[in-house]
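Across the two complexes that follow, chain A remains constant while its partner is chain B and subsequently chain C.
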Partner chain A sequence: MERAEIISQITAILEDVAEVSPEDVTESSVLMDDLDLSSMEILTIVADLEETFGLRIPEKELRNFVTMGDLVDYLAANVG
Partner chain B sequence: MLQKYCIALEDIVYWAQLSARAAPRRTEPDTGQDKMLREGKIMVTSLYQSLCNMETIYADRVAIRYYDEAKRGVTEVYYRQYAQDLRRFVSFLRSKAGDVKGQRVAILARNSYHYVICMYGTVLAGGVAVPLNMGKNWDEIQYELDLVEPVCVLQDGEYLQWEPALADAYSAKLEPMDAFTAFAPAQDVKEVEDLAAMAFIMFTSGTTGRSKGVMLSQKNLFAAMPAFLNPFDDVRKATGWDTDKFCSLSALPMFHISAMTSLVSWSITGHCINLCNDLKYFYRDIGAMHSEVMAVVPVLLKSLYKDVMKGRRDRLNGLCVLTCGAAMFDPQMLKDLMDKGFFIAQMYGMTETCGDGAWNSSQEEKHLTSVGHVDNSCEYKLDDGELCMRGTPIMLGYYKDPEATAEVIDKDDWFHTGDIARLEEDSYMYLTGRKKNLIILDSGENISPEELEGLVEKCPAVQECVVKEMGKKIGAVVYCPQDKQQTVQEHITEMNRTLPLYKRIGVVEFSETPLPRNATGKLVR
Partner chain C sequence: MYFFRREKIQCRYQFSLRDAVDITLLQRALTAALASAPYYTQRLVQEKREMWLEPNTEPCLVYPGSTMRNIPEQANGYLFCVSCEGDTVYFDWHHFLLDGHGVSPLLTSILEQYCNLRYGTAFAVPQIVCDPPYDMEAMLAEYPPVEYGSDVIQRDVVQTYEGALRRTRVCLSKQSLVEKALANNAKPVSALMGLLCMAMREYLGKEKIQYSYSSDTRDVAGVPNALYNCVCSFGHTVQLQAQTRLADFVADVDADIRRDLQPQSKRRRMADQMGWVYKVNQQKAPLRIKQRVFQMGEYIGGTISDFWLSYLGNPLMPATPELAQYTTDFGVWVPPDGASVGVEAASLNGKIILCIHNKAPNPGLADILRKTFENEGVAVLEAEDLD
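== the complex of A and B ==
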């Protein structure tokens, strides 16, 4: 899947779950700082990503998701 | 520990309408036990007595529901089966460790039905259950395991995935959570010899250094039960809802005192608990399991609040009573939810008091920020402004740490909570500050600032650092050369990758001058 398409899907979920405006999101955005996401919002976003991309994201990967880029990297590597 | 209840009175008609909508879903027979229990005619003072009730008066009721990943649907466990599984666990534990009286059994796993069995089965067998926080790193878990010297470590494989060192250190003691299912139910389970003996060790954040193991007995636990059961009288009286038919969604981690106590309180009244085993799937689970009640921490409440305010209340599938605890809540948010027909019960508690305390049944907005009235299970006093409690629910002490115990429990048995409180003339209590240097987050987690400061200071460019609560987040103020700020920022971003979500530093501020210190040379927080 194209990286741009992954970013578009994530920003749509971010907007839905946490009302984050897509223009405020870049790959270097820090999820809990720049985007002001709570831990609960990150979990809900991960669950929505699993459903959208049809995969299961293991618990241990959550620790690596610090920036938006981390999410995109993970999905780019794991989505067929 | 105090609890508080707040009810919107201004729209009685709406309450009545909501009451009709929140009609009971439970289909199990009503044996009249709820009423008897409520009136004090059924006394339960131990897990064994609760087990006996599960096998007799509650046998045909649903005890626990959970979403089963394998079958992609909800599984229901009746009290009869729940009790049999507890007995199976006793057989399993005896086969592994013989007489487990006083022996520690650690549990390191995600929430699950098996977790419930392992925790209470251990205590029924006479052992000491030690539920551990999966979010901690191996250094912390190893310290806690080494401290309690468990006879076995029950685990579901999750933690091993990212901390394989667990297998190296404890391979001989690791046991799968479902091992008990292969055993026959023990028929000779009986009351433990001493209900005042240690039955649980629950780790809590210390203000300095390592976490501390709070020792709790069954006597502590059951003395605290009225604090969890009585509030439902307030709900019933205020709303007219039939709380006897309520189900509770349990989404908080089972190593947390709130989850541990509510699993007991709902089972001694024969109610059903719906387990949400992974917060990630909260919306799936609440959608699949109709629940009226849920214990929440601020971060969860905020999510529910957004749903309600955005017109998505249907996602919450009948939820109408929120018991709020573990940290301070935004009063406006509570008021808005009350206006939308929720019953809000604010709970304030500590692991050391086994969750016991008091609650606020006020229905007035002016009391929204109060922690309410104390209850009858303990004595209370203010000592130089600090809230102190004395009574049966108070912990036995910190495990293998008499010095730390003596710091909080004085010679007259008063437990010093560390919370500064103010008592108003109308006997409503308000918390005004903390004596202890501890950050209490919206997730309910208690964080030691010193621990995180130590991690930040591992970056050589950092000259001084203070970690504190900054706008509901963990923030760090760092003094370092201006040209090193980027380096420090990157260090903190990398450091965050090693920490669980709740412990991450979310705000970093830089100071170009040394941080302020008080007269004794300590950094001002």
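== the complex of A and C ==
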């Protein structure tokens, strides 16, 4: 899947779950600090991404999701 | 809590009677018992993103046969199910409305009413009253929920194995375990927990082992007569090496367990865990998303562990035939949700019997357990991988 398509899906979920405007999101955005996401919102976004992309993200990967780019990298590497 | 687990937990109690069960009389007994126990007649209603409990006006039926029915779909909406075959009464229940404490009064009442009808006994029909829900808001006010920061989300978590379930049974001399504990000035459960940690280090091939266990919280929540689930769980980590002996770390395990079981610790932990459930429930998301969020929250909250230890049976009546029978096969009980390995420990006739459910793929658990216990001077009467 194209990286741009993954970013588009994530930003749509960010807007839906946490009302984060797509213009405020870049790959370097830190999820908790820059986007002001709570832990509950991050987990909801991850759960939503699993549904959207049809994969199961192991819990041990959660610690690696610090920035928007981390999420994109993971999905780019694991979505067929 | 169990509502948000993806795996539905259905449990079964079964009772063998002296004679073949008369299903008509059992139906009358069930109806009579339920007439004085309104809590059990509730059904779960789900609409879009909301769910609640309300009285079930459908008849509560006794079903013929021993097959466990899907609850509530195949039980007229009830969250438990009574069935019978031959001389046996089966009582199945969904761990959502009830826990083991909550189930016992109802099934006792049903069996008493059945005895009245079948054998002319004179048991009264007890009123079974459930305490109202505990005050979650008050608990959260006392122990405000802590927002998980990046340090929590980014810490390492235990990733459980989720392979096919296999069983291992280990039987220990209770006397030798107690002596080992006393020699280390620790509770027997602490010694057992430490020994299991040592075995899991070798079996799972990791030096950091996280264990967990649960404790009833009716007392600290102020609802001694609650029929619903009322529990909290604790988890701790030990760092072990091949040469580590029990005496090197059991004092720490013992201190953790003793501290956990203080009323304030239990109340704080309950507020933490139920506060998370409360927050998940408030999310505007479909149930499947809430279930996944709840599950991930358990991981980062430290509830998920390498193994858990649970007591099996009634300490006031430890040697029932049903418990003895269960320890021979333990095919149905609570699966090891939230851990790679679940250990149920029964104390029976001077023996500690460990009924172990294991989802890790590695072979040789029984041999490792035997070696670990024997190296520490605890007598092993039996250790066998059953699958």
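Criterion: the second predicted complex is superposed on the first by the 80 of 80 C-alpha atoms of A that agree within 3 Å, B and C clash if a C-alpha of one lies under 4 Å from a C-alpha of the other, contacts with A are read in each partner's own complex, and residues count from 1 in each chain.
Criterion: a residue touches a chain if its C-beta (ideal position, glycine included) is under 8 Å from a C-beta of that chain, and two chains touch if they have at least 3 such contacts.
Model, not experiment: these values are computed from the prediction.
A.B. asks: Tell me which partner A:Ala47 touches in the superposition: chain B (first), chain C (second), both or neither.
C.D. replies: Touch status of A:Ala47: both partners.
A.B. asks: Tell me which partner A:Leu55 touches in the superposition: chain B (first), chain C (second), both or neither.
C.D. replies: neither
A.B. asks: Name the contact category of A:Met1: first (chain B only), second (chain C only), both, or neither.
C.D. replies: In the superposition, A:Met1 touches no partner, neither chain B nor chain C.
A.B. asks: In the superposed arrangement, does A:Ala12 touch chain B (first), chain C (second), both or neither?
C.D. replies: The answer is neither, since A:Ala12 touches no partner chain.
A.B. asks: In the superposed view, which residues of chain A touch chain B and also chain C?
C.D. replies: 32-33, 38-40, 42-44, 46-47, 58-60, 62-64, 66.
A.B. asks: Using the touch definition from the top, list the residues of chain A that touch chain B in their complex.
C.D. replies: For this pair, the touching residues of chain A are 30, 32-33, 38-44, 46-47, 58-60, 62-64, 66-67.
A.B. asks: Residues of chain A touching chain C in their complex?
C.D. replies: For chain A paired with chain C, touching residues are 17, 32-33, 38-40, 42-44, 46-48, 50-51, 58-60, 62-66.
A.B. asks: Considering only the defined contacts, which chain B positions touch chain A in the complex?
C.D. replies: Against chain A, the touching part of chain B is residues 110, 158, 161-162, 279-284, 299-300, 302-303, 442-443, 473, 493, 496-502, 504, 506-508.
A.B. asks: For the complex, which residues does chain C have touching chain A?
C.D. replies: So the residues of chain C touching chain A come out as 147-150, 152-157, 159, 279-280, 283, 285, 288-289, 292-293, 295-297, 299-300, 304.
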